[in-house]
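Structures for review follow.
Look for chain A in each of the two complexes below; its partner is chain B in the first and chain C in the second.
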Partner chain A sequence: MSHQELLSPEGFRYDGRRCNEQRNFNLELNTHPHAADGSAICSMGNTKVLSLLRGPTDSNDSGLSLSVSIIQPPYAKSDRVQVSKNDRRFAELSLMVQRTLLQSIVQKAYPRTNINIKLTILSADGSILAACVNSATAALVDAGIALYDTVTAITVGIHDISPLIDCNAIEEIDLPYLTIGTISNSKINLLLMESKTPLDKLQKMINLGTEGCIQIRNQLDIAIRKSAIKH
Partner chain B sequence: MSVISIKNPLKSTVIEENHINESDDENNDLMLDDAIDEVLDSAQKRYMNLENSSIVTPGELITEDATWMRGHGTYYLDDKTYSSVAGTISKVNKLLSVIPFNGRYRPETGDHVVGRIIGIGNKRWRVDLGSEHAGILVLGAVNLPGGVLRRKSDSDELQMRSILKEGDLLNCEVQSTFNDGSASLHTRSLKYGKLRNGMFVKVNSSLIVRTKNHLHELPGGVSVIIGVNGYCWIFKTKNQASSVASNKAESEFTSASNGYSVGMGSVSITRLEEESSWEIYSDKNDKISSSIKETISRYRCCLLALSYNSISINAQRLVKAYEISLGYGEINKLINEDVKKSIGEDLINSEKMRG
Partner chain C sequence: MVLSVAESSYIYDSLTSSNSSRIDARKANQYRPLNANCGFLPNSNGSSRIYNADGIEIITSVKAKVVRTERIADLINVDIDIHGEKDNTTLCQQLTTLIKASIMDSFQFDLLKLTGKYYFQLFIDVSILYLPEDFSASSYTLYSLLSLISMNVYISLKSTKLPFLISSKDDFDVEEEPTFSDDWELSKFLIPQDSKNTFQPPLIFVVGTAGEKAIIDPSLEEEEILEHGICLTWSNSKVTTPIQSLTLSTNNTKALKLSLISEAIKLVKNVAPDVISALDTIASQESDDFNNGF
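== the complex of A and B ==
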C-alpha cells in the first residue's frame, strides 16, 4: 500500500475521513449489571472493547492492587487467529493500561483491596490500546470507584506533515503513530510510540492527540450522564 | 462522525448537543404534561433542573468555596473541591459529599444486614456482606445456645462450627466500622441469628433505603428481611409461640389432668432461655407447605422485578408488587423480562395515582 492512498491530495483518508476526524465513537456503561460491579463497551469505529470490572474486593496486600488482563478472541480480526493466553504484546499492553489507570484512582480510599479488570477485544481495527483505556475508565466510573479524573486516550498517526487522528488498522501498519492518554483535559498520562518519526513532528501529533482526548472525555461525560438517567 | 478542529476545542458543540437534548426533553415533557396545571409544570421543571445540575462526574469541580467539609466521593486541590465519583451531590449542614450511583455496599453502624459465613478463624467468623471487605463476627458477639451469658472459653472456640459454619446465612447488625470500611458485626438479639425456612435473594444495595425496621411480615404467611446490603431473605413467618414452647405447653396440658401447678401454661419472662436453645442454630427447616413455598417464590420474583426496574425497595412496594403480580397468573411467567417491566410500570402508575 502506497502512502498516496492513505491521504488523497484533496485531504481525504483511506476510509473517507479528514485528517482531524475521529471515527464513530460510542460508549455504553453498565452493559453487564449482573456479571460485574462495573462494565462498559467502548467502540471506536470497528474497534470494540468490552471491559468487566470486579471489585473492590478483599486482598492481603497493604495497598490497592489493580490487575488488568486483555483477551483477544480468535474472531476479533478478519482472519481467524488464536492469540495465546500469555501473549507478550498483550501482557505489555495490559501493564500499560494498569499503570495508566492506577494513577487516576484515589488509592488512599482503597486500602487492602483488589480491583480486577478484564478487557475483551471483541473486534480489532486499530487503536486497541486507546479503546482499552477508554473502556476501562468507563468501567471504573460505572463501578463507583473514586477517581481523581477520567483518563481518555486516542491514537495519532503522521502522514508527511499532516497528523491523522484515530488511526485504523491499515493506517497503523503503514504510518508511524502514537497513542496518547490524558487526564484532567491536558495532563499527559500515557504516551506510547513504537515507530520512528522526526522530532519536529512529534509536537504536532501530541497537540492533535490532546484535542482528541478532550473530545473523547466530553463524550465519556455524556455517556456517564446517560447511564445515570437510566438508573 | 465528529470533526475535531485544531484551533478551537469542540466543547462548544458538545454543550450545544447537551442543550438540544435538554430542550427536546422539555418539549416532550410539555407535550406529556399538557393537561397538567401550569404551576405544577413549572415546579416540576424547576425540580428537574435542580436534579440535572446536581449530577457530577469524576474530576468535576463542585465548589471553590473552602468552607465546606469534604465527605465521601470528593477530593480537594488548592481549596477547590472536586468530585471523585459519578453521582449526586448531597449537602448535609456543612458536609459536602457525592453519593455514587453504583458501587459496593459500604457498612455503617447500626445497619441491619444479611450475610453469609465464608470463613472461620481465631475466635471469629468472616462474613460476606457484598461489601469491599468481609465483615467480622467475633465469637463474643453471638448468643450461645441455651442463652447462657458468660465469657466464651476455648471449648466454645472449638465448637464454633456447630454454631455457624461456612455457607450459613445469618442476619446481624453492624456494630462498628473500621477505617478501611470493613465492619464488625453482632447478633446479640433474638431477632438476629441464623436464617432458616426461606430463600435468599440478592438485589442492588443502592436500591435499599435505611429504615427503622428491616424485618417485615407480609401477607400470605411470609416474612422478609431486606438487608441494607442488598441481601434479602424471604421466609415462612414464625409462629407466635415457637414449636418448643407449644410442645412444652402440650406436655403441660396433658400433665394438667393430674393436677394444677403454679405458672403452668404461661411463657416465662425471659424467653431468651427457651428460644436460644440449640434449635436456633439448627440446619433443619420446618415443614413448609407448598402454598407458602409458592408465595415465597412469588415474592422473590417481585423483588427481582423491582430490582430490574431500578425501583427503590421497601415493604409497601413489595406488597404492592405482589398484588400486581397476582394479575399475571402463574409464578413462572414472572421470570419473563416483559412481565417484570410491566410490573414495574404498573407499580409506578399506581403510586402516581395515590400521589
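== the complex of A and C ==
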C-alpha cells in the first residue's frame, strides 16, 4: 500500500470515506445477560470487541480494584495469528484501559470492591484500544456501576496535512496515529501516540479526535437509552 | 457441584425407576434449550455462536488459507481455548483431538481441493468465552461441553463460504497461483447446501447412563450420579467412530454394561435427525449484517 493511495487527491480514503467520516459504529448493551453482570459489544467498522464485566464483588483491598484483561483469539485478524495469553502489548493496552476507566468510576462508592472486565477482540481492523474503551464503558453502564461520566475514545491518523478519523488496520500500518479518549465532552482522559509526528500537527489531530469522541458519546447515549427501554 | 446423599439418591432413583423421570422433567432424549446463530465475524470464512441459559458461551470461527501441500492431515486444524484454562491442559488437548478425529474421519477432502497443487487449509478455532462457576469445581464436567462444541463446529462449517476461483483448475503444466474473484457475492459454500448426498460435518453426542437408562445431554446435577458417560459420533446419517467412554464425574462410576452402548446408539439415532435439521435451519439463516450476531 503506497502512501498516496491512502488519501486520493479528491479527498477519499482507501475505503471510500472522507477525512472526517467515521466507520459504521454499533454498540449493543446487555448482550450476555446470563454470563455477566454487565456486557456490551462495540463494533467500529470491522473491529468488534466484546466485553464481559463481573462485579462488583468483595475484595480484601481497601479501595476499588478494577482488573481488565484483553484477549485476542487467533481468528481476530484477517490472517490467523496466535497471540499468547501474556502478550506484552495486550498487557500494556489493558493497563491503559484500566487507568482510563478508573478515573471515570465514582471510587468512593466502591470500597473493598472488585470489578473484573474481560475484553475479547472478536475481530480486529484497527482502533483496537478505542473500541476496547468504548465497549468497556458500555459494560460499566450496563452493570450499573456509578460513573461520573462516560469515557469514549477514537483514533486519529494524519496523512500529510489532513487528519483522518477512525483509522482502519491498513491506515494504522502506514500513518502516524493517536488514540484519544475524552470524558464530559472535552476533558481528555486518554492520549496514546506511538509514532512520530511534527508537533504543529498534533493540535489538529486532537481537535478532530475530541470532535469524534463527542460523536461516539452521542451514539453511546442512544444505545444506553435503547437498552434501558428494552429491559 | 456437591450433592447430599439424599439429593443424589433421589435423582438416581427417579431416573432408574420403572417410571423414569429426570429432575428437570425432560424426556430421556430431550435437550436443554439452546440458542445459536452464525456468520457474524467479518474476518472469518465461517463463524457461529452457541449459548444457553446457564451463560455458557462458545464461539467458533472457521478460517481458510490457500496452501500447497500433499499432506491431507495438515488440512484441518482444530484449536480449543477454554476460559480460565491453560492451552496445554490434558482436557483441552483431549477435546481438541476428539473433535479433530471426528472431523477427519468423515471429511470429504476433495471439497478442499482447489487446483491440481493447491488446497484450502481450514483452521477451526473454538473459544469458550464463559463458563458458569459450577463448572470450575471439577474438570470432568467439562466433557459434557463436547456436544455443544461439536454442534458449534457443525454450524460454522455449514455456514463457511469460500471465494470463487477465477484462475484455471488445472495447474500442473503452468506455474500459476490461484486467484479469486473480488466479488463475495460469487462465493460458494464449503459444503454445498442443495445436494443431499454430499458430506455432512460430524456431530458428537454425549450420553450418560445410570442403571439401565441412557439419557442425552446430562445436566450438572445428573452428571454427579451417572455411572458412565459415552460419546458417540453421528455423521452422514449413521453412528460412527469415535465412540468413547467419558468420565463425567468421579462419584458413582461403575463398569459399563455392553447393552447400554446399544441403548445409547438407539437414543442417538432417535434424536440426531431432529438436531441436524434444527442446526441446518440455523446455518441457512445467513446474516448479511455482521452486527446482527449478538
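We adopt the following convention: the second predicted complex is superposed on the first by the 231 of 231 C-alpha atoms of A that agree within 3 Å, B and C clash if a C-alpha of one lies under 4 Å from a C-alpha of the other, contacts with A are read in each partner's own complex, and residues count from 1 in each chain.
Just so it is clear, contacts are C-beta pairs under 8 Å (C-beta built on N, C-alpha and C of every residue); 3 or more make two chains touch, one makes a residue touch a chain.
In this text, all values refer to a predicted model and were calculated from it rather than measured experimentally.
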Combined model on chain A: chain C and chain B, fit or clash: fit
First (chain B), second (chain C), both or neither touched by A:L50: second
Touched partner set for A:I41, first chain B, second chain C, both or neither: second
First, second, both or neither for A:I214, with chain B first and chain C second: first
Partner chain(s) touched by A:F12 [first = chain B, second = chain C, both, neither]: neither
Contacts of A:P74 with chain B and chain C, given as first, second, both or neither: second
Partner chain in contact with A:D125 - chain B first, chain C second, else both or neither: second
Which partner, chain B or chain C, touches more chain A residues: B
Minimal inter-chain CA distance - chain C and chain B, angstrom: 5
Overlap of the chain B and chain C footprints on chain A, listed as residue numbers: 24
Residue ranges of chain A in contact with chain B within the complex: 17-18, 20-25, 30, 33, 37-38, 55-58, 106, 109-113, 141-150, 165, 183-184, 207-208, 211-212, 214-215, 218-219, 221-222, 224-225, 227-228, 230-231
In the complex with chain A, residue positions of chain C that touch it: 41-44, 47, 51, 53-57, 59, 61, 63, 65, 79, 81, 87, 123, 125, 127, 129-130, 290-291, 294
Contacting residues of chain B [partner chain A, same complex]: 1-6, 9-11, 14, 17-18, 55, 57-59, 73, 75, 82, 84-87, 100-104, 132-134, 179-180, 204, 310
Touching residues on chain A, where the partner in the complex is chain C: 24, 26, 28, 31-32, 34-36, 41, 43, 46, 48, 50, 52, 73-78, 80, 85, 120, 122-125
